[in-house]
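For reference, the structure is listed below as structure tokens.
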Amino acid sequence: MTTQETKTLLESFKAGRVSIDDALRHLQSAPIIDLGFAKLDTHRALRKGFPEVIFCAGKTPEQVLQIAGKYYSRGRRLLLTSVTPEQARKIRARFKSAVWHQPARCITIEKQPQKKRCGFIGIVCAGTSDLPVAEEAAVTAEIMGNRVERIFDVGVAGLHRLLSRLETLQRANVLVVIAGMEGALPSVVCGLVSNPVIAVPTSVGYGANLGGIAALLSMLNSCSSGITVVNIDNGFGGGYAASQINALAAGGNS
Amino acid sequence: MTTQETKTLLESFKAGRVSIDDALRHLQSAPIIDLGFAKLDTHRALRKGFPEVIFCAGKTPEQVLQIAGKYYSRGRRLLLTSVTPEQARKIRARFKSAVWHQPARCITIEKQPQKKRCGFIGIVCAGTSDLPVAEEAAVTAEIMGNRVERIFDVGVAGLHRLLSRLETLQRANVLVVIAGMEGALPSVVCGLVSNPVIAVPTSVGYGANLGGIAALLSMLNSCSSGITVVNIDNGFGGGYAASQINALAAGGNS
Amino acid sequence: MTTQETKTLLESFKAGRVSIDDALRHLQSAPIIDLGFAKLDTHRALRKGFPEVIFCAGKTPEQVLQIAGKYYSRGRRLLLTSVTPEQARKIRARFKSAVWHQPARCITIEKQPQKKRCGFIGIVCAGTSDLPVAEEAAVTAEIMGNRVERIFDVGVAGLHRLLSRLETLQRANVLVVIAGMEGALPSVVCGLVSNPVIAVPTSVGYGANLGGIAALLSMLNSCSSGITVVNIDNGFGGGYAASQINALAAGGNS
Amino acid sequence: MTTQETKTLLESFKAGRVSIDDALRHLQSAPIIDLGFAKLDTHRALRKGFPEVIFCAGKTPEQVLQIAGKYYSRGRRLLLTSVTPEQARKIRARFKSAVWHQPARCITIEKQPQKKRCGFIGIVCAGTSDLPVAEEAAVTAEIMGNRVERIFDVGVAGLHRLLSRLETLQRANVLVVIAGMEGALPSVVCGLVSNPVIAVPTSVGYGANLGGIAALLSMLNSCSSGITVVNIDNGFGGGYAASQINALAAGGNS
Amino acid sequence: MTTQETKTLLESFKAGRVSIDDALRHLQSAPIIDLGFAKLDTHRALRKGFPEVIFCAGKTPEQVLQIAGKYYSRGRRLLLTSVTPEQARKIRARFKSAVWHQPARCITIEKQPQKKRCGFIGIVCAGTSDLPVAEEAAVTAEIMGNRVERIFDVGVAGLHRLLSRLETLQRANVLVVIAGMEGALPSVVCGLVSNPVIAVPTSVGYGANLGGIAALLSMLNSCSSGITVVNIDNGFGGGYAASQINALAAGGNS
Amino acid sequence: MTTQETKTLLESFKAGRVSIDDALRHLQSAPIIDLGFAKLDTHRALRKGFPEVIFCAGKTPEQVLQIAGKYYSRGRRLLLTSVTPEQARKIRARFKSAVWHQPARCITIEKQPQKKRCGFIGIVCAGTSDLPVAEEAAVTAEIMGNRVERIFDVGVAGLHRLLSRLETLQRANVLVVIAGMEGALPSVVCGLVSNPVIAVPTSVGYGANLGGIAALLSMLNSCSSGITVVNIDNGFGGGYAASQINALAAGGNS
Amino acid sequence: MTTQETKTLLESFKAGRVSIDDALRHLQSAPIIDLGFAKLDTHRALRKGFPEVIFCAGKTPEQVLQIAGKYYSRGRRLLLTSVTPEQARKIRARFKSAVWHQPARCITIEKQPQKKRCGFIGIVCAGTSDLPVAEEAAVTAEIMGNRVERIFDVGVAGLHRLLSRLETLQRANVLVVIAGMEGALPSVVCGLVSNPVIAVPTSVGYGANLGGIAALLSMLNSCSSGITVVNIDNGFGGGYAASQINALAAGGNS
Amino acid sequence: MTTQETKTLLESFKAGRVSIDDALRHLQSAPIIDLGFAKLDTHRALRKGFPEVIFCAGKTPEQVLQIAGKYYSRGRRLLLTSVTPEQARKIRARFKSAVWHQPARCITIEKQPQKKRCGFIGIVCAGTSDLPVAEEAAVTAEIMGNRVERIFDVGVAGLHRLLSRLETLQRANVLVVIAGMEGALPSVVCGLVSNPVIAVPTSVGYGANLGGIAALLSMLNSCSSGITVVNIDNGFGGGYAASQINALAAGGNS
């Protein structure tokens, strides 16, 4: 029941065309709560640049095309994650403005460029194995209107490289730190900065790594205060939460 | 090696009292990097109101007293978590300004009142069982300079109570959502707001709850974007990260 | 030993053609208990429309054909689950009345249409990923003589869609709620209705989802009373139990 | 916002004392959805005899007394589960009509006797170790208005005792089968009956039992169709779901 | 150092051709313990018909051929387990007496037929899914000189079929009971017999079956006394241990 | 329905006092299968010396006394396991022939001494920590009529002690090998003997021992053929199965 | 059979007092392999200062006293680990040279002081919670003849303290690094040194720490080469292995 | 900032070309700590023969070629692990000195032969299944300058073969013991020697082996002192740590 429909109902009631019992019954049975949600969704999209998101894993290229078409018609920005090469080829053939971020396995479609927020998000990882997850976080943050600094060759087994990037780490409004194996990088980074750190465990590793569980547990048990954690390989989730935080930093709650 | 010590060394070298080789050796072996850290630590305390924190579990009352004494002398604010009644009694006998937050099992000591940031943090949970963890999050956030709204009687099995608090949920800069059992509350809350949600699983439950693992997994696998998670029963961690975010919202990166 | 055989034995004994010791020995060694089972099985098929069921996973098309042929000769209704496309092709070539429910990966064969019970079963899920399991539950419930309402686009991250279907949810005799990821949907739905809710976790998800264990644990630990749970991806089991309940509702224990 | 309040608002609007914009704003921001819930809750209590339930574990006797007092004033039936002897003593001193079901660790309080439904629920277990959970299921079912048959000395290692109760098992509208150790009893029972079976694993066992996980997994993987499962030691949940089903059987959906 | 070598050493020492120190040194450094092992190994092969066994999984056909050739030259009986069709083809081309037990994925090669022991081993399972493991147990027991009764269509969800085989179950010296899913069959069977029961869990199942862990735990926690368990899918191990027991029954320790 | 009752029924039928329909109905509804069980149970007790067993953990001394009294009246031998000192004191006060095996935490009561079987069972463990479980296995085997050899100071970290007992190990009809920590002892022992080995993991250990799971997994994965496994700390189960095997060895299937 | 006994046997044989068959039989049945072990054990004690070790957990004070007495008579150095205060009191009353290392929960008894090896072992941990395990490692290493450097206030969340001890870390022959929580310290330390690092996880932590499993997994999955790991809380094992390595460094294989 | 750069800065300062504030700022912001690392890295490479290592799993042949080219230009020795046949072919086509160790799935490239250390490392395993991991350990140790003895046909189920290699085991400076299945071999070996034992679990096995977790737990819980453990299938890690220890043995800390 939209605002307009509610208004019409009220007016009909005032004009005597609708009895008070009928008005009551309509109001109670209709999902009036929808109004609040609609407001929320509009507010959300307008203010913070939240894109429409399609998680492509396990979908046929045709299904992806169909959903993308529907979303494209109603939104200004699309993000497709976990895109296979075949899906990517078809999407790019159909949407001329589609951009294929291969290392991130993502596609972004923007109807018009958006202005980036001031301040930046740091994306941190130790190297090539964790790169796809790190790039997914970075692309997500960028499509949501943030500037991103990539700090991609720092690991706990070589502290000097990490320390040489200290200033950048400290200037970021929020850091997304990606790590597989033993997952120690967020703990070390978090001890060096005063802003929030979002840790993303990856499934990189073998044996007692248990598909990323080792890194996940390591991050949850960090002795450094201020770390929060998302699911294994969830670069999108890390980038999304970081964007929410950076939006707060950029404009307060406005 | 402090800035002053480095300056003195340089002057001695310039004055010829120290050879270039000796100067080099001192500079290389000394932990000059300390300067950066010191700067960070000061910055951190000054700007964001980070308190000294003592995790009291597994410590004797005497050990707690001793550490609290040391921290009291150098800081302006102390937070003691997981405090036993016996520890609380001794701390309060010694520090007259100590405040005992019984439901949170926390003690706070502040030398002088601090001004609260504008904006607020919402702390959300379903009821009495999760209350100690929720209160620990709230007390942590408050001692770090934040205003807190407690939303403590909302659960997924009774949506109407949750929806009746919708406006407060949406106005908060950041929400800390605490839940045991099936841990579904953060997913539902996150779908209603556009700001960050920090989920804190608790060990409340039995059987297949596995000491909180069920709630933890539920939160990590949430289908709602924007949730990040901390360790089971880690109310302190949730409040701490929320404060970092709220500080960004209050003052940008200043 | 059928009732007729037992009767014959008793008559032979009465007529003196069989000694009392031989009669005793026959009665004790024969699986007389079979009588009870036979009665049960007949009763079951007659009253409740239980079909013969073939779980096709891991069987060759030939094995499936052979078993289906045997069952077809003795039953009125067949349900084949987890059917591969190749198996489906061969079954449909052989049984002209076979119906291929592709999204459910099921085939049903009915010798004659059956009358549906009054009342209905609601099948609830959040979207396309959980659809195969939800459809398996729906097809199972239908072949067992139930009317089914599909409520397939409701999730915990978008409560307004769920609430807009509130009336249908509340009118169903029993609900089968399917969910992967964090598995929170049954808890939320169960809080809205007063009839039984059967929860079916799916393996949809990744990382700390652990192949559906996260959703399973979430459902077992639900804070909503009245939820019972079946195995991961067991749409058939959910539909089967729902049919048993709906049959009770439709006709009491008659 | 109650029906009365909504009515008043509409009348004020019609009378011109409230503008259309104000009326709209009130309707949209108020939790009108509450009306639906209230209706549900009333309906629930009236028709099915749902009691107020207090889970007493981890609460002080005083807390239990306080909650019980509040619930007593508004409900007709109370069920307290996981009651300690000390809690029981205090409750019985306060509420003269309180009945202490010691083996079930439950207390029930009924303001007036209720009529039992026709048909019955069978509660099945193998013996003394699983008895507390079985009795909790039985007491729960009884306070919710059901007649209960206890079948408490049947186990998979002694089939003859189980088979000697075959007729009772088959006549029950629904069975709650409780088992610890290897948890095989529900599978065997389910093969003998055509009505629904709710399986309740218990934590009875040691070593590789893993606190009831072995029995839980056994039940979830049952090769018998029609079993649904609740959490370990959750006798209350088993009895509750069984009552919902028995209510359907007794009166259809009326 | 064989008995003969030791004898020769002693005689050389007595004859003075070897000093006492040299004799001591030889005796101490030589692996005299080998004598005991050699005796054991010969004894084992002669008395109990232990075959040479080759576990073929993960080996190339060429590797299997090479090992089989070596074993064939020194033994009288070969058992190859987990044989792939390609391996089977090559083995049968090379060894004319090779017998391909397709359902068991085993090949046996016997230079001459052996006399079977009196008494028999019962191999019990519920149906086609567990058949490969059951057949592996049966073929193993047969090649080791035992007579085997296959009882392959009995499950806990249909007790009447199981009870109709009661006499055979009770006459077996030892039973190997194979089950996947909930793994309840050994518990039920064990309650019906007085001889040892060896339980073999299989990985048949899905979801919370955890690759056979559910069945394994069920068997380890059986409330029936006298069950011992082997690894998941280890039909060979079950047949091997059963043969050891049947050999004891057939001839005592002679 | 006993044999006598069935006989009476048949005679009444022959005499015309019972109609054929009534006779049929009685035969079908009565648990005639009981006859087979009764035969089994008598056979079991007579031939193999199976005692009545009471698992005392979690029972009050009074409950134990009551059950023991009932069993004592009908059996010749009682075994009580997991007996607490307080339970032991009360049992011994009541039953003068009760014997308290303190290290095994067992009590045995025998109305008259029984003759031991020829051949013996070897009970093997590494030392004092595993002793309670090993003694439980030994006492169980003894009360069931077996002679037992205790080999209690042999471990994998000191092979010489193990090898010095080689002859005894090889002469045993069956070995029960108890081990905690890494659980390697059964694998090593099994490689030295040709008779069956029953492995009993214990919960002795800490950390990654996981309450005995490490030892259990080790035994299930043994590379030595012929090992079967029972639950963690289940000395009773190990002794029981060993007795079944030794009985077969002593008398074949007679 | 000692060397002397073997010699006597050979001489008796040569003198004709023992036949060649009897000599053979003695040699084969006797545990001649003992000679090698005895040599090893003596060698071990003489060269590397291996103490006798008593793990006191789960033993009565009397049992500890008895074992300590036996060991004291034959060894030069005793190490008792996991000593309770009550055990400590009794041991110190009996053995005047006993030293109570309270933080390590260890007692050492040395008949005479031993010379320490050159080179040293570094014991590293982050603070008071891990101290008992770290001290157990240190005391173990010291009683085995090593010099130890304690580096006890360094953690990954405060790199500056760790880096300020860099030189000591690099000079140690081997490091034992103890950590609970996320267990990241060994990875960071190992990246800074070129000598072996032994990682000891502790059970310090809560929630998803899983009793130290999180730290253990973290260490096993370290991305730093050269880390090896021992069991959770196994300070003794870490100190023991470090001593073996330091002994090699001090004297090669001599 | 290299030593030379620091020297130049100091001289410019002394000469007055740089102010003291500028000198301070340069010193503090530059990663002076690099000097220490650089020294370490050089030292490491020079003294201990540490090679550059490339873990090839999950990389394209092109990526491997590129990294190998970069490393080849700056190092003297390269080790590539987990090399696929296709990667191997391309590497060997490019680097003429590349050696393909097929069983180890490794390639080594050495610009010039290196002198081997005195003393040797023993690599121990039970047979063909564990061979790839054992060979990876051996090749790693060899490229790092160690002599290696392979002891590859010894298992706990056949102690005589193990004992026949006793002398070699005892002479090794350090042993790397590889085992899958139950993982008992390191415990048995460690009881026979006095030098360090590094245990490497493998994923060889099935069912309750859990991908090597069973062997890993077995090794972590060993009752033999002196065992340390690396990740499942981590032959490289075992060989690397052994080389560090052997280097200490060969030359002390020089």
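In order of appearance the chains are A, B, C, D, E, F, G and H, and numbering begins at 1 in each one.
The rule we apply is simple: a contact is a pair of C-beta atoms (placed from the backbone, for glycine too) under 8 Å apart; a residue touches a chain by one contact, two chains touch by 3 or more.
Remember, predicted model here, so these are calculated numbers, not experimental data.
Common partners of chain D and chain E, by the touch rule above, are C, F.
Comparing chain pairs D-F and F-H by the number of C-beta pairs in contact, the larger count belongs to F-H. With centres set at the average Cα position, the gap from chain E to chain G is 41 Å.
Centre-to-centre spacing of chain B and chain C amounts to 50 Å, using the average Cα coordinate of each chain.
Residues of chain A in contact with at least two other chains: 29, 31, 33, 36, 158-159, 163, 192, 207-209, 213, 216, 220-221, 225, 231. Chains touching one another form the pairs A-B, A-C, A-D, A-G, A-H, B-C, B-D, B-G, B-H, C-D, C-E, C-F, D-E, D-F, E-F, E-G, E-H, F-G, F-H, G-H.
On the chain D side of its complex with chain B, the touching residues are 29, 31, 33-34, 37, 57-59, 63, 201, 203, 211-213, 216, 231-234. Residues of chain E that touch chain C in their complex: 128-129, 158-160, 163-164, 166-167, 206-209. On chain G, the positions that touch chain A within their shared complex are 126, 155-159, 163, 181-184, 187-188, 190-192, 205, 207-210, 213-215, 217-225. On the chain A side of its complex with chain B, the touching residues are 33, 36, 40, 43-44, 47-48, 50, 53, 119, 163, 166, 170-171, 173-174, 192-196, 198, 216, 220-221, 225-231, 236-237, 240-241, 244-245, 248-250, 252-253.
On the side of chain F, the complex with chain C involves touching residues 3, 6-7, 10-11, 13-14, 20, 23-24, 27-29, 31-33, 35-36.
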